[in-house]
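Some structures to go through are shown next.
In what comes next, chain A is part of two complexes: it sits with chain B in the first one and with chain C in the second one.
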Partner chain A sequence: MNPGHTRTLRGRAAVVGIGETEYLRHGQASEPEFVLALRAILTACRDAGIDPGRIDGFTSYSNDRNLPSRLASAIGVDELRYSSMVWGGGGGGVGGAVSNAAMAIATGMADCVVAFRALAQGQFGRFGQVRAGSVGVTDEAAFTLPYGLGSPAQQYAMRFQRWVHDHQGRGLAAQRAVALASYHHAQTNPRAVMNGRPLTGEAYDASRWIVEPWRLYDCCQENDGAAAMILVPAEAAPDMSDAPVFVLGAAQGSDGRFIAPVHNAPRYATANFSTVAPRMWAMAGIGPRDVDCVQSYENFTGGVVMSLVEHGFASAEEVDDMLAFERLIAPGGALPLNTSGGNLAEAYMHGFGLHNEAIRQLRGSSCNQIPGAKVVAVTGGPMVGYVSDVVYGSEDTL
Partner chain B sequence: MTLLEAPTSWQGPVPAMDPLTEPYWDSLRQHRLALLRCRQCGYWLHYPVPACRKCLSDDVEYQPVSGKGSIYTFSVVHREFGIHFPIPWVAAFVELVEQDGLRLPTNIVGCAPDEVSIGMPVQVTYRDYEDGLTLALFEPDVGGGSGR
Partner chain C sequence: MTSRSETWVLPGGGPRPEPTGLDAPFWAALGEHRLVVQRCSACQAWRFGPEHLCPDCRSFDYSWEEVPPVGVVYSWERVWHPAQPALSTAVPYVVLLVEIPAAGGVRMLGNLVGDPLADVVIGQPVTGVFEDHDSYTLLQWERA
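Entry: the complex of A and B
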């Protein structure tokens, strides 16, 4: 092994382009999902100032339906050199798609990789819906679906319910603050589906239960749209962008005892970042105190609470104080959270919007800009069997 | 006070039968709860797997359990999510007295939603549906004493 090479992604790849389509409520896209994917990718190319034909790799997650071979053909790619998929539902793989792109670049497998996610739920049906009347379910589902445990909502509500129990009732005030912070930030974000629909504490408290302990506003939206990000080698980035953003650290996977045998796992009441978060911090050589803001995947608000604790942003004992609303608000809060409105109030692109928002913060172009932001952490997919993290930095963090 | 109750007829997904899992569903049909257990080390295995997770022996067989346990976690659910439950309904994992971490996905019936709590002692009860499907639900264990 060449001793001059450290096995790390730190500073090896840079983000030079981001893009997204208009975000819509689920089922409202007037174009096919494939067209949405193309539009987001082409918007990211324009942002990067590159000819789409230069793209030579595609990465995605959550079993995205838009195949790299089709996309490459549609945008006139000269040579397709790389593609990868992070399997699994939901957005647990969102950071994995970005870090797989960075890995391909760092290892010379590709030079210009687009990570993306596209969703048109009118065309393909709603994500994560139980199909009533389906016959012959197998494996774990044979023991959960007959008891109605088919939606992520019930499965994850029970994880957080147990976490709250294990921590003497803490976390419920924090999850309320998470919802209010996301809606607050969406009010200055013209891309946000919930822009113009502010949420008050009173409205949150009066909202209907979905799955206790989660009310309507604790649950992410369902949306149509697409988002994309273009990564290139770090050394190529300064010529391509005035404000390149670098991958400082990344990790993906699961605590082995979280996933097997699923709900009989000893580490049940967690967001599943106990192994992934420390690996991300170790690669980046920084910790939660070095972060200017955090974009934390909200499928449900309680999952954000557990995620932030597992990343070291708050202790379980003080979680309701450390994650108070005032502390979560940009620009002045101690820990600005989901500054675009996130999955709750911007759009649920399975977490991809959180990554694009991290890039905007580090370029100085967020709708809720934190002055001088240099480091932004993004968490993906709390409570699922495969999660992923990326922490990004500006040029002077290298 | 409205008691939680199971659906009167079953319109949701049904389990596929295979040699590993069919004895479990057969036992429910007889209103017995039997789970897979390792004959070598005594470890209970649920969901069913062909070999013991603890000692990797494939000498496993179904044995009856007491049907008593406590609520490990739960959620009062206020939507159907595609399955025809009377709303609200309670999704739960019940931890059986036989072994730490031996948890069954289930529904809680026979009490009010706001009476359900983590640690509450429960016992198994059965509901028979069309086409030979029987589900194992749990209700408050009025005798108590099985809480963990």
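Entry: the complex of A and C
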């Protein structure tokens, strides 16, 4: 037996259902976060045409508060066989939740796994604010908060600032285009919180700084809602869905010392995909040129620019040309990006909406459909300590 | 001593460093207006922020060595949106990531002393300024 043949996720698991709640501005959910999780999961089950009692596994990330055992009891599943959590805050684990589900299926640990994320920030507090008042802080926080460095934007801005410096000022035009592309795509997406609120280049340029080099529109929203996806064994999928979508490749992880304390990473000016992206492409047996569109996690637009370079979608030398607005727009652009509006303009579900959008593209049901899309890559979590990637394909890519 | 708040880069009232067993020598030295950096006793590699284990040779043994508070700007950001309540009127301010050549190029965070709207240039030399608060001292940076 060739171990290189068996040790892969390529084509082993399929997505047969996706679902989400209504996406809302942060603090606007009228129901508890746990109920949002349940609603998204049940919607995904309806989409898959399965009885929710068949769910036998749960995967999530970002220390999601809704425990699998509690969800299993609330839903009334027949038996719970698997659960896993990708540690760490932010959305770096979003692809990891999907690939952990696929791994459980590929190894026979479970047969019907739901990957999900639920967020109710009115109930539990926002990410973009530092609540610490006049208190003692220890460890990493002692070296950052007293200097006014605390929010995610403040933590990551210096990585991109250094990247721009290392590349002779390139990347600033590209990050502007990333913001405009997300808002453009949101205008045809009824789920998008920013639907009906288009963004012009002039409005972007006039928007206030949050932390240089990032303006208001370079930063993701904060939202309430939940999203979920149902994965099953690949061989079961054709009977369950007219358009099953398959995991072609996945990878998760980090550069070796990416969060060396107090911003001392040996490779500082990166999105942290330098080692992860090549592993995803290798497993899938394809490369960036084979992708019909890319859903790339935007916490901050500069992180998307670095992500796309590290995945081989653009070179640093030509980044502002290769990531020009016209090239990022569906359906005609060379590299349609974040075709649902993404975290910036659809909703910040810690990137889960990007995964559901990938499935819609491959089913032919996106609001900004790429005709005949067969392969979609999804990146999760630029600049955070643990990141993850998935590339999906339609049945004829197997 | 009278209040030094008019010379602080940021107003007080926010989070303050609370030393741990690992980093207490660093904060104590700042209080004496000295900069010390952790160094592996086995392989002599410098490291910052403090770690229990040397990631180069995996020795748990280390010392703290004094270095001159002199560096160059490795990266920077100018904060306009204050995420902390105590800093709501302090914006804009500049956070610097400063590389310390005398300590193997380790990097430290601090604020830029002086006009927050003046141009900041990566590679610019900076000199440490010890900023005394009631119960702790921060290391800030001014253009050399």
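The rule is simple: the second predicted complex is superposed on the first by the 388 of 398 C-alpha atoms of A that agree within 3 Å, B and C clash if a C-alpha of one lies under 4 Å from a C-alpha of the other, contacts with A are read in each partner's own complex, and residues count from 1 in each chain.
The definition used in the following text is that a contact is a pair of C-beta atoms (placed from the backbone, for glycine too) under 8 Å apart; a residue touches a chain by one contact, two chains touch by 3 or more.
In this text, all values refer to a predicted model and were calculated from it rather than measured experimentally.
K.L.:
Quick check on the superposed pair: does A:124 touch chain B, chain C, both, or neither? Answer first, second, both or neither.
P.N.:
Touch partners of A:124: none, neither chain B nor chain C.
K.L.:
Which partner does A:257 contact after superposing on A: first (chain B), second (chain C), both, neither?
P.N.:
After superposing on A, A:257 lies in contact with chain C but is clear of chain B.
K.L.:
Could you say whether A:146 touches chain B, chain C, both of them, or neither, answering first, second, both or neither?
P.N.:
Both partners, chain B and chain C.
K.L.:
Answer with first, second, both or neither: which of chain B and chain C does A:159 touch in the superposed model?
P.N.:
Both partners, chain B and chain C.
K.L.:
Would you check which partner chain A:87 touches, where first means chain B only, second means chain C only, and both and neither mean what they say?
P.N.:
After superposition on chain A, A:87 lies in contact with neither partner.
K.L.:
What is the shared patch of chain A, the residues that chain B and chain C both contact?
P.N.:
On chain A, the residues that contact chain B in one structure and chain C in the other are 129-130, 132-151, 153-154, 157-159, 161-162, 165, 208-213, 260-264, 268-269.
K.L.:
Considering the complex alone, what residue numbers of chain A touch chain B?
P.N.:
Touch residues, chain A against chain B: 129-151, 153-154, 157-159, 161-162, 165, 208-213, 260-266, 268-269.
K.L.:
Can you check the complex and tell me which residues of chain C touch chain A?
P.N.:
10, 12-20, 22-23, 27, 47-51, 55, 74-87, 90, 92-93, 95, 97, 106-111, 122, 136, 138
K.L.:
Touching residues of chain A toward chain C in the complex: what are they?
P.N.:
128-130, 132-151, 153-154, 157-159, 161-162, 165, 208-213, 257, 260-264, 268-269
K.L.:
In the complex of these two chains, what residues of chain B are touching chain A?
P.N.:
Of all residues in chain B, those touching chain A are 10-16, 18, 21, 46-47, 49, 53, 72-79, 81-85, 88-89, 91-93, 101-107, 118, 133, 135.
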